[in-house]
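The structures considered in this document are given below.
The two complexes that follow have chain A in common; it is paired with chain B in the first and with chain C in the second.
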Partner chain A sequence: MAKQPKTAMTRALQRRENIAGYLFMLPSLIFFLGFVVFPMFACVLISLTDANMISEGMLGNFVGLDNFIKLFQDKEFLEALKNTFIIVVVSVPTVCAFSLWVGSAIYKLKGPVLSAFRCIFYLPVVTGSVAVTVVWQWMYNNYYGIFNQVLGPKGLGLIQGRINWLGDERFALWCIILILFTTSVGQPIVLYVSALGNVDQTLVEAAQVDGATDFQVFWKVKWAQMMPTTLYILVITTINSFQCFALIQLLTKGGAGTNTVMYHIYYTAFKLTERAGHFGYANAMGVVLAIFIGILSAVQFKLAKEK
Partner chain B sequence: MKIQSGRSRAYKIVSLIILVILAFLFAFPLYWIITGAFKNASDINATDRVVWWPSEWVGTNFDNLLDKRSAPLWELHVPLSEWFTRDHTQIVFSTGPEVPAAFRWLINAVFMCVAAMLLTCLTAAMAGYALAKKRFTGRAILFGLIVCAMALPKQVILIPLLKEMNALHLVNTLWAVIFPTVGWPFGVFLMKQFSEGIPGEILEAARIDGASELKTFSTVVLPIVKPGIGALAIFTFINCWNDYFMQLVMLTSNNNATMPLGIATLQAETSTDTGLLMAGAALASLPIIAVFLTFQKYFTQGITMGAVKG
Partner chain C sequence: MKTIRKALALVLALCIVLSLAACGSQGSNESKAPDPTKEPDQTQTQSPETPPAGDEVAKEITIWIYPVGGWSDEKNVKPLLDKFTADTGIAVKYEFLAYADGDDKVNTSFTSGGTPDLIMEGPERLVVNWGAKGKMVDLTDMIDATDKSELNEAALAACTSPDGKVLEYPMFITAHCMAINLDAFKEAGADQYIDLETRTWSTENFFKAVDALYAKYNDTVAAVFCKGQGGDQGTRALINNLYGGKFTNADHSQYTWDDPNNIKALEALKEKDGKGIAFDASLEGGDELKLLYQDVLKMAFCWNVAQQLDPASQHGDPGKTMGGSEIVCMNFPTESGKAAELCGGIWGLGIFDNGDPARIAASKQFIKYMCDSENAADAAKISNFFSARSAAEGTDLSNIFADNDIMNEYNKIFLPSLGEYYNVVPGWAQARTSWWNMLQKIGTGEPIADTVATYMAEANAAAAG
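And now, the complex of A and B:
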């Protein structure tokens, strides 16, 4: 844009725009700056201190990068980091692939049938993490849970005896991933259904005239056009998987090899352990988590752009 | 060609069958909550058989839930009021008879969600309009900040947020959950997307007619972005209801708990009484599902609009 010579008139107009713009922004800015941006910066600052639950004001003593150095020698944290990565690496691709399949299978169905399917796949999200967790805990129960009854000798006979699903290191993390999966596909399906509906039909028809098979039409035409949607889904699913908290807190309390970074932050900050209420240390974990999510989102953006 | 179409029809039928099975599996936990809430103890604790359907429908689980504890029907903390009273105490309105705690949790949750919803819609509609249509200085920087903040996991800022709420004496009031929800920039982003669609000529016409900025906003802008506000309202309501982590950290007393949080504390205390927990889970999930089903159309719109330029 070329700079125009500013006359008194345009300057007065610009001032009017500025005043009106900021007045309209003001109510939202108070909340945004006060309860999001300010804590964001405070988070970084606190991570450089030894602040704890009872220290005066926001900050404790400045300790430099000590928290971060300690962090990468802390076995529990590294374990939590590993579990978090397993959850993300497993759930993100499966959620995307599954929702893409469901989306493409239902998007051509008639209105009411389509919205019925969409609703049902969205139900676990709306039901809320606490209610979902409570019922899954019952279903996984060792003695009267439905999994052991259906899979056990009196049901399908797939397993011998009873499995302590949430207490056994071999299964617990996968049980959590399964619940996370059912509560994560709702939004991606809605997004894919709408993206598939918006695919440019003239391109699809052109490809069909040229003799492309359904499979080719899908990958060469539709998939390319849905790339922004896929990218968005990748990012939100990654963030969701990283944040997996309620399931852990209510089901295993981080036991049986299911500790995640998010739960570990909570545990370090609020539960009475030898590190009771070490806000500085817990915040350092938060900063590391945010950096990981930032890097992953950036990589996903880059990959999607190259395609 | 014929074989091709035959094969694709077979594929369609098979995939539809799989879809229906999956739909049943996805709906199953909810079915299990609702039937579980009405099962008697021997049905629930049966170890040798699966009780697919309650052998008798009983209300004892709900009775147990309702006489667990009691709380005053309604309490309202006036935020920041201690700054203005002479002895620096917070103004708290409290009324009503003692009711079962579960009622109070329900009232708390509804109040929290409605307040967050109204505040979010109002502030986001104004800010979204300004970001989309006002060419004020610093607009690009502000919008960049908003997009960056959206990619941040909300829970990461929780500890400084708790300290801040503590300093403002808002911890253990519903406001501690409401204010950060309102501040979350997704709403502003969504409303900006919607406001981009307002034709500039209409705004110009309103200005030439001598309408003030506020008048233009309320009579021209608001009617156009109404579907966006509907989407945002329902989105905020559901997200706020289900934001368990925030509620867990900010609300520390039983009286101020919300429905999901109350059920979680019950789970921690009495994890053996499954029937009671299912009754609680039913009360925690059915209101929100009802809201979702009623405003489903807006909700779907909101999800897709937020992603268009995400």
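And now, the complex of A and C:
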């Protein structure tokens, strides 16, 4: 069929369509530019200054890379960085592995049973994080929490006396990781169920006909086809783990060995206002965190691409 | 169809813009402004609160209020602000802050705009922090010789900067003390260790009482709470008083946590860790109070008369736990068994220098009205604290709680024990953080003297600027 020449009329229509499209985009674009792009650039800029929120205006004096040099000599920041990495290193693989395991166990289920499982695992995701945290706080409570009651002498008798779950350095960070885990697995499970359901069955059957074992079918056929989903889950879980803040703020305020970079940024920027240049310093932490997330995401992308 | 889409896009864009605009005015309240169509009351125009003719005074001001006793409750505050508005014609927008994020809000307002005209809190914020940064208006011209003679000397000194500027107008004072569950003490036979008449006890008797309570309940009876800074005056007062240690030096320029008497106190408390006392990094002052109300803990170190009087915090029955046990205010234990040096609470009003003389004039009028007029009695009464002055413009404020036995008793027993107000050392915010971090580390078993030295050095570095 011959290609129709573009008339002035169709061009005008196209222009109108474009304008309408841009208008639809406008609200999101305003937010994106105002609350994502601008703060990103401002953060980098301010990290090179000794800005202090008390001082007039947003920018202080230019101090070059001083804030970054100071950061890596700051034992509080290094401790926070270590804790953040522990959270990432523990929670990302466990979330991925657990959700893949649950996903592969339930994706063949049909109808209401599948919906019920999806609902159960997704519930912590849609429940408000503050509400979830308050419930966990009660469960972990040193004096009347359910964990101490169940595990203590009056329950299973697994522990003597009480464990101060959120006040003891040996347990607090792991308690945070456990909550993070329960609130993070919902979405990956739903995604894996969907990805497993979309695996090309002809390839699976062909592999089975060729005598492949269940493991080989999974590893060589299904896993390869689920790689984009896995990559997405890895990146999202990594970012969420790096940005763990609300749990720390609500449960421990960074104490008992649970200080993370995100909490430390908030604390430095808004609590230590008497410290000179605290705002520039907090922004430098933000830049370092962004660099780490960027590097890790790039590595994940590269590995997934090679796979 | 296209027209509908375009219209929809425009509506969406408008919604976004309007919702952004709405964010700016969220969460604030306003006292009822006078009807501009009505003539002002002639008696009001001649009242002492009215500024001299010729001075420009704003018709609206904003105040942010930290939770200072009963001033955190709108039903107490609004009538007083409405009365001010009716008397002066100045409308007052008010907002209640929480200690959890109040500082964040004030600090961000310096750069993002929207700093209020007035703020109600203590000198550790208004003088030491924002005052030192030049954010507060000098109120020295509001205090004449009569005011000086009427105002509590320690309170006025705490509200004055090192260069002699009054940056906060003192309004109320109290003395922070501790509380015990008297019924639990009686059941454990620990009441023999306290002097109920003078509400005093010796350090030796304090530890004997802990032993008796622990023997009876086989559980934690008191917590050295250290999750955060909330209520930390309690742990400071406990540790300083046990053996007479000091928190700062005499001129309040440095922290002296490594005072051997403080180390001795920490060692004595640590020795009881797990035997009735817990260094608990999962609790702050507020959590400790809840546990006292719930009959879990048998004493609390974060207490003052406002809590003793507040029925809301105690589930409707002031001075009682949920189980109906009697809560009794106590001095902190001292080695001699005499009255402790209690940490003071001083609160007042400060004006942020927003560069608008009319708003500053209106704010000064507000301070005069609330602190130095016949209204000062009502303003102090709703706080459940004591007025920071003995009289105001002929009104006696020394006995405003004459009809209240608890307040009278508190006035007689605890207020005379008010210690020096040391919360004016520079770097106060950092020092508070270092304090609870230090307690956490001690709780985990770190060597006490070294840990104290480390965190004190951190606090002193902040004090040195």
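As a working rule, the second predicted complex is superposed on the first by the 274 of 307 C-alpha atoms of A that agree within 3 Å, B and C clash if a C-alpha of one lies under 4 Å from a C-alpha of the other, contacts with A are read in each partner's own complex, and residues count from 1 in each chain.
Keep this in mind: contacts are C-beta pairs under 8 Å (C-beta built on N, C-alpha and C of every residue); 3 or more make two chains touch, one makes a residue touch a chain.
These numbers come from a predicted model, not from an experiment.
**Student:** Now for A:Phe270: first (chain B), second (chain C), both, or neither, which partner does it touch?
**Tutor:** both
**Student:** Taking the superposition on A as described, I'd like to know which of chain B and chain C A:Asn164 touches: first, second, both or neither.
**Tutor:** Once the two structures are laid over each other on A, A:Asn164 reaches chain C alone.
**Student:** Just chain B (first), just chain C (second), both, or neither: which does A:Phe31 touch?
**Tutor:** Both chain B and chain C are touched by A:Phe31.
**Student:** First (chain B), second (chain C), both or neither: which does A:Ala256 touch?
**Tutor:** In the superposed model, A:Ala256 contacts chain C only, not chain B.
**Student:** May I ask you to decide whether A:Ala20 touches chain B, chain C, both, or neither, giving the answer as first, second, both or neither?
**Tutor:** Both partners.
**Student:** For A:Asp210 in the superposed arrangement: first (chain B), second (chain C), both or neither?
**Tutor:** Touch status of A:Asp210: no partner.
**Student:** Please indicate which partner A:Tyr143 is in contact with in the superposed arrangement: first for chain B, second for chain C, both, or neither.
**Tutor:** both
**Student:** Give one of first, second, both or neither to describe whether A:Ala282 is in contact with chain B, with chain C, with both, or with none.
**Tutor:** first
**Student:** Please report the chain A residues shared by its interface with chain B and its interface with chain C.
**Tutor:** In chain A, positions 17, 20, 23-24, 27, 31, 57-58, 141, 143-144, 270 sit in both the chain B and chain C interfaces.
**Student:** Tell me, which parts of chain B touch chain A in their complex?
**Tutor:** 8, 15-16, 19, 22-23, 26-27, 29-30, 32-33, 36, 44-50, 119, 122-124, 126-127, 129-131, 134-137, 139, 142, 145-146, 149, 151-161, 163-164, 167, 179-180, 182-185, 188, 213, 217, 238, 241-242, 244-245, 248-249, 260-261, 263-264, 267, 271, 274, 277-278, 280-282, 284-285, 288-289, 292-293, 296, 300, 303-304, 307, 310
**Student:** Using the touch definition up top, name the residues of chain A that touch chain C in the complex.
**Tutor:** Interface residues on the chain A side: 16-17, 19-20, 23-24, 26-27, 30-31, 53-55, 57-58, 140-144, 164-169, 172, 252-253, 255-256, 270-276.
**Student:** Inside the complex, what are the residues of chain C that reach chain A?
**Tutor:** Against chain A, the touching part of chain C is residues 2, 5-6, 8-10, 12-13, 15-16, 103-104, 107-108, 110-111, 129-130, 133, 135, 220, 226-228, 278, 280-283, 291, 294, 296, 426-430, 433, 436-437, 440, 443-444, 462, 465.
**Student:** If we count contacts the way the header does, which residues on chain A are in touch with chain B in the complex?
**Tutor:** 14, 17-18, 20-25, 27-29, 31-40, 42-43, 46, 57-58, 102, 105-106, 115, 117-132, 134-139, 141, 143-144, 146, 149-150, 154-155, 182, 187, 190-191, 194, 214, 228-229, 231-232, 235, 239, 242-243, 245-246, 249-250, 262, 265-266, 269-270, 279, 282-283, 286-287, 289-290, 293-294, 297
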